[in-house]
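Pasting the structures in now, so scroll down.
Shared between the two complexes below is subunit A, which pairs with subunit B and subunit C, respectively.
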Partner chain A sequence: MASSSSTLRAPALRGPAALRRPKAFRGVGRSILLTLPIALWSLLMFMAAFQRAGRDERIGSAVVIVFMTALFFLMMRTGETYRWRRIFFVALGFLFPFGFIASLIAERGTMSIPISRMVSGDTPFCFMVTPTIILPAAFARTIIFPGSILPTASNPHSIAIMIGIWFAMTLVLGKAWCSYACFFGGIEEGFAAFAKRPKLHRFVARYSHILRLVPWAILVFVVLVSAAIFEPVYCMWLCPFKAVTEFPAVRNVETAIQMGVFVALFVGLVVVLPYLTKKRTQCGFFCPFGAFQSIFNKINLFEIRFDRTKCVDCTLCQTSCPTVALSKESIAEGKTLLNCMKCGACVDACKKDAAVWHLKGTPVAVKPERARLLFLYGAWALATMFGGSILAGSVSTMIHWLPGM
Partner chain B sequence: MMVQPQGVRGHSRQLGLFLAARLAGYIVFATAAWLVGSSIQRAWTGRAGIGQAGIGQSWLMGWIEVLLAAALVVYAVGWPHRRCAAAKEAQGLVRIGEGPGPLRSGALALGFLTGINLCPPFLVAGVRAAQLEHLPAALLFFVCFFVGTAVWFLPFLSMGFVQRTPAVVTVARMVAVLLACWYGISGFSILIERTFYG
Partner chain C sequence: MRARILSILAYTGAGLTLMIAVCVPFVLMGVFSNVVAHAGLHIDATYSGGTIARTIQRNGYRIVVYQPVQPRLLERVEPFVQIVFEPADSLPARVSDEVDLDGDGRPDVRVSFSVPADASAKMRGDVTALNGGDVSLADVADESFSRMVVRAGNQIVVRVPMNKVVAGR
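And now, the complex of A and B:
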C-alpha cells in the first residue's frame, strides 16, 4: 500500500482519460452487435416522438438516438466506461437546466415561483425530496412536498408515479443513479473536467474520511427538520440547483436569504470546488439524496471490486474516483465504500486491470467484462429512457430557439 | 446520545432522564400556559387579550431556540474534550450518561429544552391548556400529550448497535451542529424580528 505522503502528492494523472487503454478493445463488428439492443431500445423509446407532428421534437429525438447509441458503441469498442458516460452525463447536466428554464420562461415568463403557487402544487416533483417524504407518506398518508400523491387532472405526473420510477431504477442501478440518471450531477462533472490538475488535492486527501460523511449528516438533518416543521427544508433552504431551475420568488428578506444560499451553494459546490478538486463535490460531500441512494448499493447486484492478486497499491483508482468512494482500507479489502456511484473511473484508471466490475454472488475477477455488460445494458437503457427524454426535450427546445430554424 | 457506548441499560437510563426532563418541561409549560390563560381571563379580558400573550410567547420561543442551539453545539463539539483535562467546565453538560452525578445534565438539559420548545402543535396545545378551567385538567392534558409524543423515542433504545461504527458518532455530531445552526438562526430571527418590529 502506498504511503500517506504519496497519496498527498500532486497526482500525476489528469483523470481517467489520461490512462485510457490505447487500443481497440473489441472489433467493430462485435461492438456493433453488442450495441444493437441499445439501438433498438433507443428507437423504441423515441418512436412516439416520430409519430408526433413537431419537427423539432423529431430532430431532437433522432439526435438523442444517435448520441446514446454512439456512446454505447464506443463503450463496447474501447472497453472504457467513464469517459463516454461522462459525455452523456455532462450533456444531461447542462441541457436539463436549459430545457427546464426555457419551459418555465415559456409558461410563466420567469424562473421564480410565488410561494402561493408552490403551496398549491404547481412546482414539479423532484426526486431529491424522496427521503423526506417516504416515512410521512407511509405512516400518515401525507407528504412534505406541495403536490398530490396520486395523479390528478391538472398534474398527471403524480408523486406516486415519480417515486415508482425512481424505485424501479434504483433497484437496477443502486447508487449508479447518481452517475446515469441524476440530471444535476453532470454540471459539476463538467466543471471538474475543465481543470487539468486538482488544486486542492491535499485538502481532499487529508479530510476525505470526514467529507464523505457530510451527506449523511445533511440527510439526517433534513429528514428530522422536515418532519418537525412539515416543510421540505432541502428545497426551501439547501438545494444548490434551485439557482439554475426554479426558486421561490424573492418578495421579502427571507426569500432573499434563500436565494443567496442557493446561489452560494451552487457557485461553491457545483462550479468552484469541482474545478479546484476535480471531484464531484456536491455529490460526494453534500447531496443528502446521494447518501440515501448509498443504502441501495447494499441490495444492488452490481459493484466494483479489486483483484488483490493484481493490485499494486498505486492508488490511481483512489485518485481518479470523483466522489472519494475509495480509501486505502477499502482497496485493501478489495471493495469500494458504500458511496460508490459505479461511474467506472477507477476501472478505467487501473493499469493492472485489478479494478473490475462484479456481479454479486459470482467469483471476483472471473469474466468481469460480462458483469460490466450486464450492468451497462441496464444502466444505459435507463439512462436512454430517463436522461435521453430530457436531452431530447432540451435539444428540440434549442432547435426551436435557433434563429432561422 | 444514543450512540454512546453504554449498552441498552445505559441507553434506557439516558432516555429515561431525557423523557423525565421533557415531561418536566411539558408540566412547566402547561402550568405557565394555564396561569397566563387564567390571568388573561381574570384581569385583561377586553384590554390586552391574546395578542400580548402572543408577543411574550414569541420572545420566549426565540430564547428557547437559541438556548437549545447552544446546548446542541456544546454537545456536538464537547465530546473531544473528554480527553482534555483542561476542559472540565464543559464536562458537566457534554459527558452524558457516563456515570453518576452531573454527567447526566446534558440529557436533562436537552430533554427540558425540547419539552418547552414552542413548535406549532405545542402552541396549539398550550392555548387549549390556557382555556381550561382548572390547573389539574391542564396538566392531565399535557401529560397525555407527552405520552403520545414520547412513544416515538422508544425505538432509539435499539440504536446501541451503531456504537460499533465510529462514523455514526461523527455523523451524529455533524447533525447536532446542523440542528444547532437551524435553531440558532431561527431563534435569533425571532428575537431580531421582535426587537425591530415589535
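And now, the complex of A and C:
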C-alpha cells in the first residue's frame, strides 16, 4: 500500500527527455571520435546498396547512414540515450508499415494474404511467431507457419533466415531487441510521445504489478494452445500489428472476426492506450514475444542498476519507464525487473545519476559510461544493420512514390 | 581479488558480445539460418499439403497426388488430400480429370475447373466424389485449408476433404 501511494504521488513526467542533463556531456571532437566506428559501420552496411541498387535505394541508404550516425553522435554528445534512440525507433515503427504495405500493394494489390499464398509458402516469417513454433518444432519437427523454411524467389523472408537474424541479434541485445530492433514497438512509442501528460497514470501505477504479468500469461497460453491445435494462435488471432502489415484474406465469418480483433487490438493497445498512459502498452502489458525475449536478459551482460547511495526514491525512473519494468521493491534492491528493455529512459530521467548502465560482474556505478558505450556500440550497430535497412527500404519507396521524383 | 577476476571476465564478455555484434551480418546470421535449415524441420501439412504420393502424367501437364493429411487430435482442419495440377500455364482452358487418390487403379474423384487467362483471377472448381472416401465440392474456391481450388504460382492446388470415417481407418 505504501508503495502504491508513493507511486501515485509521483510527478507526471512529460517524458524522460523533460529532465535534461547538461547539453555538452562530452566535447564535439571526442563525440566525433566515438561516433567514427558507427559511421564506418553504417557505410559498410550500405555499401552493397550503393554498388548495385538504383537511384532511390542509394538516396534511401544515404539518408539512413546520415540519420543513424547523427543520432549516435547526439547520444555521445549529450549523454542521453532514450531521447535519440526514440527518434530512430519511432521512425522505424512508422516507416516499416509504410514500406511493407507499399511492397504488398505493388506485388499483389492488397494487404491481405490469400490462402493460395499460404499453401505455396509465400508468407514472410515474422519473429513474433517464434515462441509459438518452438514446441511443435521440438516434438513433431513441424513448423506451424505457412511460410517456407529456405528462402525462395517469392519469399526471401524464410523461416531459417528470419530465425537466424533474430537469434544472432538476441545474443547481443537480449530483451533490448524490443527497443533497438522490433519494428512494431516504435508505433506505440510514437503514439505515447504525442501526449503531453499521461491521463491514466494512476491506473497504471496502481495495477502495474498485475499488468506486467499479463504478457507472461499470454505467452504461456499461446505457446500451449498453439502446440495443442497446431496453429500459430497469436498470429492468427491476437497480433495487433496484423492491422498495419498483412492479414488472412477475409473469406468467411471466422476471418472477418480475426480482422476485427486485429483492428480492435491495434487501436486499443497501440494507439489509444499509449496515448493515454505514455507507456508502450502492447509491449508492456500484452506482447508474448516481449515476455519470451525477457528470458534472454538472463544471459545478456548489460543491464540498468541503481546506485542506492545516490537514490532518493523520487520514483521518476519508475514513472518514466515505458514498460513498467521497475517497481518500488526492485529499485530498493538496486535492480530493474526482468522485462527491462534497456531503452535508457530511467537513466535519462534520474536527476541524481542513481540509475546507471552496468556491466554484470563489475561494481555498480563504477564507470557506468563505459558500460553504456560497450552496450550502445553493439546495439546501435545491429539497429543500423536491421532497422536501418528497413528504414532505407521505406525511404526509397517514399522517394519512388513522390510525384516528380 | 574475486571482484577483479569478475571484472576481467565481465569486460572479456562485453568484448565478445561486441565481436558477436560485428559478426552478425557477415557470419552468424548465416550460421544460425543453416542450423535451422538443416534441423530436419518441415512445414505443417495443413499449409504445405504434406508429402507427395505419386505423379500422374497427362498430355502436356501432370497431376501430383499427395498423401492424405490427417489432422492431429485437436487440430481444427478436416482430413484432406491435396492434388496439384502443374504447370498451370500448360493446362487446357477447361480441365476435367478423374484422379486416383489411393493408387488402387480406380478413380476416386473427378476434378473440374476452368483456368482463367489472368493468373491473378480468383478460381472456382468442382470436385465430385466417385466413392465414399471423399467429399464432393461444388463451386469451391478458397473456403478453408481442406476445401479449395486455387492458383498458387504456376500450380493449381485442389484440396479434397476426406470422409472422416475413411480417413480414420
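Side notes on the structure shown:
Keep this in mind: the second predicted complex is superposed on the first by the 384 of 405 C-alpha atoms of A that agree within 3 Å, B and C clash if a C-alpha of one lies under 4 Å from a C-alpha of the other, contacts with A are read in each partner's own complex, and residues count from 1 in each chain.
Operating definition for what follows: contacts are C-beta pairs under 8 Å (C-beta built on N, C-alpha and C of every residue); 3 or more make two chains touch, one makes a residue touch a chain.
Because the structure is predicted, anything quoted here is derived from the model rather than measured.
Look at A:224: by the touch rule set out above, it reaches subunit B but stays clear of subunit C.
Of the two partner chains placed around the shared chain by superposition, subunit C is the only one that A:161 touches, whereas subunit B remains out of contact. Of the two partner chains, subunit B is the only one touched by A:210; subunit C is not. Set side by side, subunit B and subunit C differ in how many residues of subunit A they touch, and the one touching more is C. In the superposition on the C-alpha atoms of chain A, the part of subunit A touched by subunit B in one complex and by subunit C in the other spans residues 228-229.
Looking at the complex, you find that subunit A touches subunit C at residues 45, 108-109, 114-122, 136-137, 141-150, 154, 159-161, 163-165, 167-169, 171-172, 228-231, 249, 251-252, 300-302, 359-363, 371, 374, 377-379, 381-382, 385. Against subunit B, the residues of subunit A that register as touching in their complex are 210, 213-214, 216-218, 220-221, 224-225, 228-229.
Residues of subunit C that touch subunit A in their complex: 3, 6-7, 9-11, 13-14, 17-18, 20-25, 28-37, 39-44, 46-49, 71-72, 74-76, 120, 142-145, 148, 150-153, 155, 157.
Interface of subunit B with subunit A (complex): residues 119-120, 167, 170-171, 174-175, 178-179, 182.
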